[in-house]
Amino acid sequence: MIDMENLLEINGLTVELMTERGIVYALSGVDLNVAHGQIHGVVGESGCGKSMTAKSIMRLHNPKRSRMGGTILFEGEDIAAMEIKEVERLRGKDISMIFQDPAMSLNPLMSVGNQIAEMARVHLKSSKAEARQIALGMLEKVGLSPAINRYRQYPFELSGGMQQRVMIAIAIACSPKLLIADEPTTALDATIQAQILELIQSLSDEMGMSVLFITHNFGIVAEICSAVSVMYQGRVVETGYTRSVLDNPAHPYTAALIASIPTMALESQKRLGSIPGRPDTLYENLSYCPFCARCPQAFGQCRNERPGYQYLEDGHRAACFGIGG
Amino acid sequence: MLKAIIGQKTSKKNSYGKLLTPSFAISLVIFIAIVVLSAFAPVFATHDPNKNELQSSLAGPSKSHWLGCDVNGRDLYSRVLYGGRTALMGALGVVGLSIVLGIPLGLVCGYVGGLADTLIMRLCDVILAFPTLLLAFLFVATFGRGITISVVALGIVYVPMLTRLTRSLAIVEKNKTYVSAAISLGYSPLRIMYRHILPNCISTILVQLTLDLGYAILDLSSLSFLGLGVIEPTADWGAMLGQGRLYLLVNPYLSTVPGAVIVLSVVSLNIFSDCLRQYLDHTQVQLPSFEEYASRLEKQQKPQESGA
Amino acid sequence: MAKYLLKRLLQSLVVLVVVSAVIFFTVRLSPSDPIASITKGKTVTAQVREDLLRRFNLDKSPIQQYYLWIGGMLKGDFGESYQYRQPVSLLVSQRVKTTVQLAALSTVLAILIAVPLGIVLAVKANSFTDKALSIISLVFVASPTFLIGVIFMLVFALRLKWFPSMGTGSFRHLVLPSCAMAINMVALTSRITRQSMIEELSSDYITAAYAKGVGPLRIIFIHALRNAVIPVITITSLQIGGMLVGAVLVETVFAMGGLGDLLISSIKSSDYPVVQGVTMMMIVVYCALSVVVDTLYAIIDPRIRLQ
Amino acid sequence: MNLSGSVIEGTNLQKRYHIPSRKLAEKGKELVAVDSVTIKIGRSRIFGVVGESGCGKTTLGRLLTKMEPTSDGTIVFNGRDITRLSGKDLIALRSQMQMVFQNPYGSFNPKQRIGSALAEVAKVHKIPKEIAPDKIAALLSEVGMPIDALGRVPSELSGGQLQRLAIARSLLLGPEFIVADEPVSALDVSVQAQILNLIMDLRESHAIAMLFISHEMPVVKAVCDEVAVMYLGSFVEKAPTQELFANIAHPYTQALMSAVPSIDSDIAKERIILEGDIPSAIGLGPGCPFAPRCRHGMERCRLEKPQLRDMGAGHLVACHLH
């Protein structure tokens, strides 16, 4: 898994946020690699830091209320160390992002066509007419036709699925190398979700674009991601190729999480597996395994030390003392 | 060392959204001082506010008359104290009237809706078509001058504003799940409105009421300034300012002092309301920088160390 | 859009009709004798009384009087003043210029200063400038217009003698009164603009715009400002009402002899035709401006325009 | 106690809303949120309704609990016709049917401590003061919450904890029928499993009839005895759980099933991606509501609305193909 072909390499990323109640250790050492053309899933439950990781790559935190550590290498350049002006040039052009709630993420007073055209105006310095042509092309590409009519519409006139298509059109307008998709289908219905997933997958294939797909749904990961990272309490606890992780979860958290998913294969009326307790708050910078309190296999070392990665075959790795040793 | 201190677990209680900020404390002290001084005016006053001493007409500040005298030779300091009674009681009356009518009407409009809502809202539209003081002018023109007329007239103008606010808040709450839960638990509409919806709206309403109290002081003083409010010889800040402005060059205190007291009381109410809103609205909390936070923790740490 | 405006226009027409009834019949509730106002308290013979009642339509039933009043107004006839014995419309036309100049000048002045100020404060939120100006604006919000007027007069007219202290005629006469009126509006409007800008700047679509790679200037002026301006317009439209009354106060301070002076002196002398007429006119202006404001909403916000 | 053993029975339920639309094209049209739905739930049975947003599943729950009046059809609760019930009688009925809501964070008054919220229920429904505390304590232990939760305000508790408390509150009055409206969709997967297990336990111990509303096929499969699939106000397919998932018959159910992202690699499934959006339920034509998106759509589907037909083993399908 670790090869020189990585488009994005995150090493030891930490993010601390200042909040009303003190410092939150949102990310405490995230390691994540995304290869060229790969759809890489990031899964975890709410508060695990998956969206925070996405925002960090785009440097979207308020610099006054947060501080970052570690490196985010994008094509060999460290985004974490860049001047904000340089980051602005990357945003939208080389790295794009789509969000969970498309209705809130579109400017309500601007026609969707103009919001797409703005990308061409800002990044490609196109003329008004060129930008319009590009926007029309993008609308067709994401399946919003007739593009001429859609161009003039405002976000409130579109359904949630169509709004997400517009967000995608904006994101891919400048043919980015990496698309960060932050729970893009959570707010959508099942049949619409299937449409959007297919769209993202086909765009990735067609454009050779890498995708960092953030979700809480293992099913989506299984369907579209070739690799996956599982996050818990601000750390990546397990990484590997999707089938490898799903079929042979190495970390107890991953295993428990998978066991708790109601699946169609499961016989009905059977009790589901569940994880006792709940995640801790993140006000402490932990010096031990964050999962140890809920882990059925925890032993002495887990409560005193933070586990490093244990490597299994084919780049599959997990941060747990219980493996191999 | 520093890292270890920052790593300390902080209390779960929200420690930055404090209500008792310096500006809140100052504004509270000023307002309470104004209230006490006016409420106990007979104790603090040095003279009878309505006694004319023509020989000291328009006199400047002196030992016996701390702030000088007005054209009729009445003691300015004492009149400012008594004037506070009129202004504050009047404003309280205006706001009181709007509470008594506005909150129940707003709750009914928002929660029950339907025909009652439509009728009440149309009525509000008509009243709000009058710029604030204009309806008061009309009332005074019809029923004559006097503090009661002014208070009632302004109260009527303030009711629809509070009704609208309460209504919009009630509609927001009505659509929340806990209200559906309350209905499905078989609670009566009255219980739902007063026990469940109102407590969840009251903080926003309170913020508005403190602001309204300030506006009521301003509006009442405007009426008196124009000579449409209190009747002579009753002391009132607005009326005093109105008379004093005729002698601006002779004794500027006559208009500036009542003016300053008006500003002071309204400013303190506004700051009070601002702090209250910031306290209630967590997105407005201003957070310390990481350095400030570290030094703050270090300070908290020190007394403990020395004590140990 | 046309349909929305038509609906809005009809709505305000209905409100105006109801308001006119409220004004008219409220005034009829007065316990004082209109003849006493007309004759300035002098006792008159029954014959003269009869004539006066007929001349001012006071011999007819209230409903008929209302009907005549409304009919007259539509033709530009607002009745006849008790104390001046002149048509109300004539009295108004002599004085309206001052009031309109005052109100327009101060509004333009206020908006030109307040909106940019609010934007700057929002961008520099919680800086020293922001905090200092916010305290100053709090003081100005809390200062009654007439107090500001009186202080301006004392400082700039009486002591420094830069401007005339009263009367009308030249632009110099307008400076102090319109500044006195504007200052209150600047304070309030800039606070609202700041608040609204801060809210918009922290919304999701702004984060999304940053993620698009849009620069800060474009984000502030193209994306956030248009959305932020909507509540500002609401407040401004409410302030138009306050401004009409503010004009009354400032005209009194600077003895400018505008509509405000006319209204106050008529109230004091129970000159009902003038009170009714001027009140009604102010409300018509207020309603008309509200319709203009709602048109602005529709222009800015497609959600209103297209539904 | 009636013979058929059903606790609640809705027959030909319909709910229409008038549209105060400004668009001329839609003027005078109606939104049919629920259209001729017949439903019957027995004691200790969980009846699942699945469908996408706007399909009318929530409205159906609100009709059965009398939170909203029906436009047409009858509701029989324990053998008694409650269709036209109102006022005092309706409030009295509330104690016998309860709701559990989707958003656990919102289902408690944020200004009220949990203890006082539970005590209020007891007070309003005149549960004697001597019994109430014991009853509350017993329920708390049953849903797996410590007693000290009573002193908390909702903001201090997690979604899963609040949902347990909401369930405890609904059980306090000893209801015979509960509508659970997406009770787990706001929760994380691991917590979701805890709540689903709890619901399955309570169904047995309290002999409750339950309407379980969800948009997730696997969740419904996990807990329900009988399942109905709803599309634009109508049931398109209804069958006992085992039977339904063994022989999925309706094209919409098939598409919905195929849209469920699955972690299982061994199930080779056919991907059916439906074209277009879910249409609005305003002014539907005479035909099958699913026809415009259906890959099997025929001439007949556009003209005639298919009725539910029994295919044997209690499996009902509304489709002209069957």
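For clarity, chains are labelled A, B, C and D in written order, and residue numbers in each chain start from 1.
Everything that follows uses one rule, which is that a contact is a pair of C-beta atoms (placed from the backbone, for glycine too) under 8 Å apart; a residue touches a chain by one contact, two chains touch by 3 or more.
Given the structure is predicted, the values throughout are model-derived calculations rather than measurements.
In the absence of subunit B, the touching network of the other chains holds together as one piece. When every chain is represented by the mean of its C-alpha atoms, the one lying closest to the mean of all protein C-alpha atoms is B. Interface comparison, A-C versus A-B: the higher count of C-beta contacts falls to A-C. One finds 53 Å separating the Cα centroids of subunit A and subunit C. With each centre defined as the average position of its C-alpha atoms, the distance from subunit B to subunit D rounds to 49 Å.
The geometric centre of subunit A is 32 Å away from that of subunit D, both derived from CA atoms. Counting partner chains per residue, subunit A shows two or more touched chains at no residue at all.
Within the complex formed with subunit A, the subunit C residues making contact are 203-205, 207-215, 218, 223, 226-227, 300-303, 306. Of all residues in subunit D, only 65, 67, 91-95, 97-99, 101-103, 106-112, 120-121, 124-125, 166, 169, 173 touch subunit B in the complex they form.
Against subunit D, the residues of subunit B that register as touching in their complex are 176-178, 180-188, 191, 195-196, 199-200. Within the complex, the subunit A residues that touch subunit C are 58, 60, 88-93, 96-97, 99, 101, 104-111, 118-119, 122-123, 154, 156-157, 167, 170. Across the complex, subunit D meets subunit A through its residues 52-53, 158, 160, 188-194, 196-197, 200, 215-219, 221-225, 241-242, 245, 255-265, 267, 271, 273-274, 277-278.
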